[in-house]
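Dumping the structure here so I can ask a few things about it.
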Amino acid sequence: MEQRVRVLIDCKDKKGLVYKISKVFYDRDLNIENNREFVDKEHSKFFMRTVVTGNFDTKELKNALKKVIPSEANLQVIEPKIKKIVILATKESHALGDILIRHEAGELDANIEAVIANHNTLEGLVNRFDIPFLNISAEGLSREEHEEKVMEIIDRYSFDYIVLAKYMRILTPKFVKNYDKKIINIHHSFLPAFIGANPYKQAHKRGVKIIGATAHFVTDDLDEGPIIAQDVIPVNHRLEWRDMQKAGRDVEKVVLSRALNLVLNDRVFVNGNRTIIF
Amino acid sequence: MEQRVRVLIDCKDKKGLVYKISKVFYDRDLNIENNREFVDKEHSKFFMRTVVTGNFDTKELKNALKKVIPSEANLQVIEPKIKKIVILATKESHALGDILIRHEAGELDANIEAVIANHNTLEGLVNRFDIPFLNISAEGLSREEHEEKVMEIIDRYSFDYIVLAKYMRILTPKFVKNYDKKIINIHHSFLPAFIGANPYKQAHKRGVKIIGATAHFVTDDLDEGPIIAQDVIPVNHRLEWRDMQKAGRDVEKVVLSRALNLVLNDRVFVNGNRTIIF
Amino acid sequence: MEQRVRVLIDCKDKKGLVYKISKVFYDRDLNIENNREFVDKEHSKFFMRTVVTGNFDTKELKNALKKVIPSEANLQVIEPKIKKIVILATKESHALGDILIRHEAGELDANIEAVIANHNTLEGLVNRFDIPFLNISAEGLSREEHEEKVMEIIDRYSFDYIVLAKYMRILTPKFVKNYDKKIINIHHSFLPAFIGANPYKQAHKRGVKIIGATAHFVTDDLDEGPIIAQDVIPVNHRLEWRDMQKAGRDVEKVVLSRALNLVLNDRVFVNGNRTIIF
Amino acid sequence: MEQRVRVLIDCKDKKGLVYKISKVFYDRDLNIENNREFVDKEHSKFFMRTVVTGNFDTKELKNALKKVIPSEANLQVIEPKIKKIVILATKESHALGDILIRHEAGELDANIEAVIANHNTLEGLVNRFDIPFLNISAEGLSREEHEEKVMEIIDRYSFDYIVLAKYMRILTPKFVKNYDKKIINIHHSFLPAFIGANPYKQAHKRGVKIIGATAHFVTDDLDEGPIIAQDVIPVNHRLEWRDMQKAGRDVEKVVLSRALNLVLNDRVFVNGNRTIIF
């Protein structure tokens, strides 16, 4: 029976990798639908994403590939399927709404398991889409206590990624470590400019002529994780910081959805603190 | 009692217009919150948009302004209020969805009176937002017959603008004339490139490296009305036309919403087949 | 002795091409410095650009590759070297000047053999750089007569590409055929918008909010050849067409130089009326 | 005799300013060719740039304006004329070359008085344009000693602005104070990201997906002065930092020339650490 899998490989670079890997495909009479490679020469690392189709046994293919690549290589043979996400939000609806509309249209390669928020502002919107909404208020709780409650809820769901759709709380290292390389955030500035609180106020004060947004994986260092996507728009002296915030929302939502889409399609490799996008 | 109005003037350019108009404001002790002028020298036309606040009688202000500007001038003194729109759509949800989310968040300066579509695909989505959805199928009807039915529905509503949120039907001159300068369309190309059917297919075939979207007022000439807003994104040889279509949706929805917002805030003057955006 | 060549292949797509080609490299113990492939599924065509290094005989490598690819394939094994260009210009200096400055800085992978112009406006500038300048006035000549004279001059030089750096004359089919896929032009609009004369005047009249420039190979159809690079800048109602022209010059020169650079580095495949850029 | 002047006013905002100023123009029967105002509400500051033509005495006009604006206002009545600039450079030719080409074409509203560099790399290029080139080597000198020598040379010239066209030396506060608001710099990053040394290396390390350039006035705080213009280009994982540097040069030169042009046309107001661009 005709199958389609995504083969993802990253490992130390070695002579002959392309030859040996393509031989595995050739010997099994597979079609290469799509193939992208990249060698990070500075760190001598090899990255490959290939989509193959044909009649094959996934396990056997994986074993055959394992034999020709270095033993420490990361190898994934993924059968494309709808992934699962949990969304964290606060009060703003634009990034969440954008994902909801795509989801409704069947244009998001993910199922939204739940939306968890530290306020109830978005409850009405989420309910309109018949998606579970859970309000975990942080009132009267320490950061750790609040997060414990959030994690408890999150862990009820099975999911591939956590999407921070303008979740305006700083995560503890514990939370981040718990969901390593599974958290995608949208930061409302062109990182690394304006790290931290209220980037639009900072941008206005600095008098920049362009503002932007950055989608990135969340790591221990606040706003310092590997960048997946960025975009910008021009601004001018007429915009007060609230106008920038308003204008910036379109960039934020589009950049987050673009990054999410790349991740859901297994197009993103993390390479140290950088990403390879295929 | 403190009031705020938008004063819009367009007329033949004459020496002293700014002086005379600002004198009217000064004599009434009004604050100028915001002021923009533009002179189209080629056609000797003057455009002005001023936001004034203070204690005044709107009628008296209007009369005073009338006395100092040419008799044939277009003068509007507008008290900012939520405008009303009717949306026409077909099957695609991205542009409509973007407007619905903004509406829900209270970020659209308009109330959506109804969504009218020639298919029922979007009924579920619109119903989620408790907005009237009317499906006027074109099946078995001539273009004129279908439009008669659409106009009959539209005319039940009071509205300021009709928004074509990816309404995939060509309008007759009668329809366009009926709602002159009240129809805003999003065209899925960087006009005037790729006028007409399936711009993404055309763009792909032509091998362009950038695709775009154009929001414009609808006039008799298909895709030839005054442009309000445009934006673009880069593409490359890897994108098939359906990928371009998918990527283009983000541009379409953002450009349409941006244009709609400008229009709702009375920031757009039509100057022949061009627009002035303040 | 360590060598470096660029291997360019385009042919009908077939199963096993990557395997067979990479086997040729592997068997000769070559390093793959850089590798890019693309399959145009619609037309079932395969494109590959690989940079390999190692100790090898270029002729032998080429023969080995020939044996594993379809007989009708285009195969090039190119030793990177400074290419040669002839520039055609008219009166405007921005595109020409940009190339001259890069050339002077050693940042252009080409030697400028000569600048030929139908006016003498640019003579002073070109002379400053000790590059041959030839003025072939079109005064009193038919298009054909003028072109004959231009071709006669061009043919005195050995060159890889002809660069039209704002050469404001329409070329005859004879000229184009003579230098097939060797002529690179910069068109001062975002093609296919505003084909033909004075695109900025057209753009101004149409009231677009974005203007652009397009670098493309010249084919028989005026402004219809395969696009290599495009870029745009925002404009507004304040710009008269001459302001657009002035603002557009920066886009024109940058886009032309970017395209030229791609071509000089053998990164551009022509695929029907489209290009593949690696 | 018909005259044209640029009137620049910035002062504390007050009711009636537009009326009173336009009355001065009206009473003298002047034409307003172009008019732009902006009120910074946060700091209650008023900015105006008006181009007027007509028969008038500049001194009398200035005095009349002085009477209607606050006593502490900055008022300039400027007769458009070619300004003078001195350029400081180091080794890279792209930004300098771009200015030279514009200068040669008569498209720069400035005369280049001299190019001063701390290396002799650019001597050949500058000499081609018959512009004085002065090499002040920093070898064996302290920062202060070197700057003394540079200032000594600069002060031989009369000039309106100093342009740092990739001058790779840090200026002392003394130098900056000496030429307050007269120094324009191009920084090779999208400020405030990547302040300091080797922004491209920083950008590469951080894995950004967009790089940029910033033209700004130089103030005491390194890379912290008021921003005049910014622009960006997309990059990806394939670019090493030297490729980013190469790609970034086009942005740098275009942004610097754009900013320079704005300044030369008196279109830039400094408002605290921000700029107003008319």
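Letters A, B, C and D mark the chains in the order given here, with residues in each chain numbered from 1 onward.
To be clear about the criterion, contacts are C-beta pairs under 8 Å (C-beta built on N, C-alpha and C of every residue); 3 or more make two chains touch, one makes a residue touch a chain.
Since we're looking at a predicted model, the values are computed, not measured.
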| item | value |
| --- | --- |
| Chain whose mean Cα position lies farthest from chain D | A |
| For chain A placed onto chain C, the superposition rotation in degrees, Cα atoms, nearest 5 | 180 |
| Centroid spacing, where centroids are CA-atom means, of chain A and chain B in whole angstrom | 35 |
| Computed distance of Cα centres, chain C from chain B, in Å | 40 |
| Residues of chain B engaged with two or more neighbouring chains | none |
| In the complex, chain D residues that touch chain C | 92-94, 97-98, 100-102, 104-105, 107, 124-125, 128-129, 246, 250, 254, 257-258 |
| Chain B-touching residues of chain C, taken from the complex the two chains share | 38, 40-42, 190-194, 205-210, 212, 226-232, 236-238, 240, 271, 273-277 |
| Residue ranges of chain D touching chain B (in the complex, touch as defined) | 15-16, 18-20, 22-23, 25-26, 29, 31-35, 37, 39, 234 |
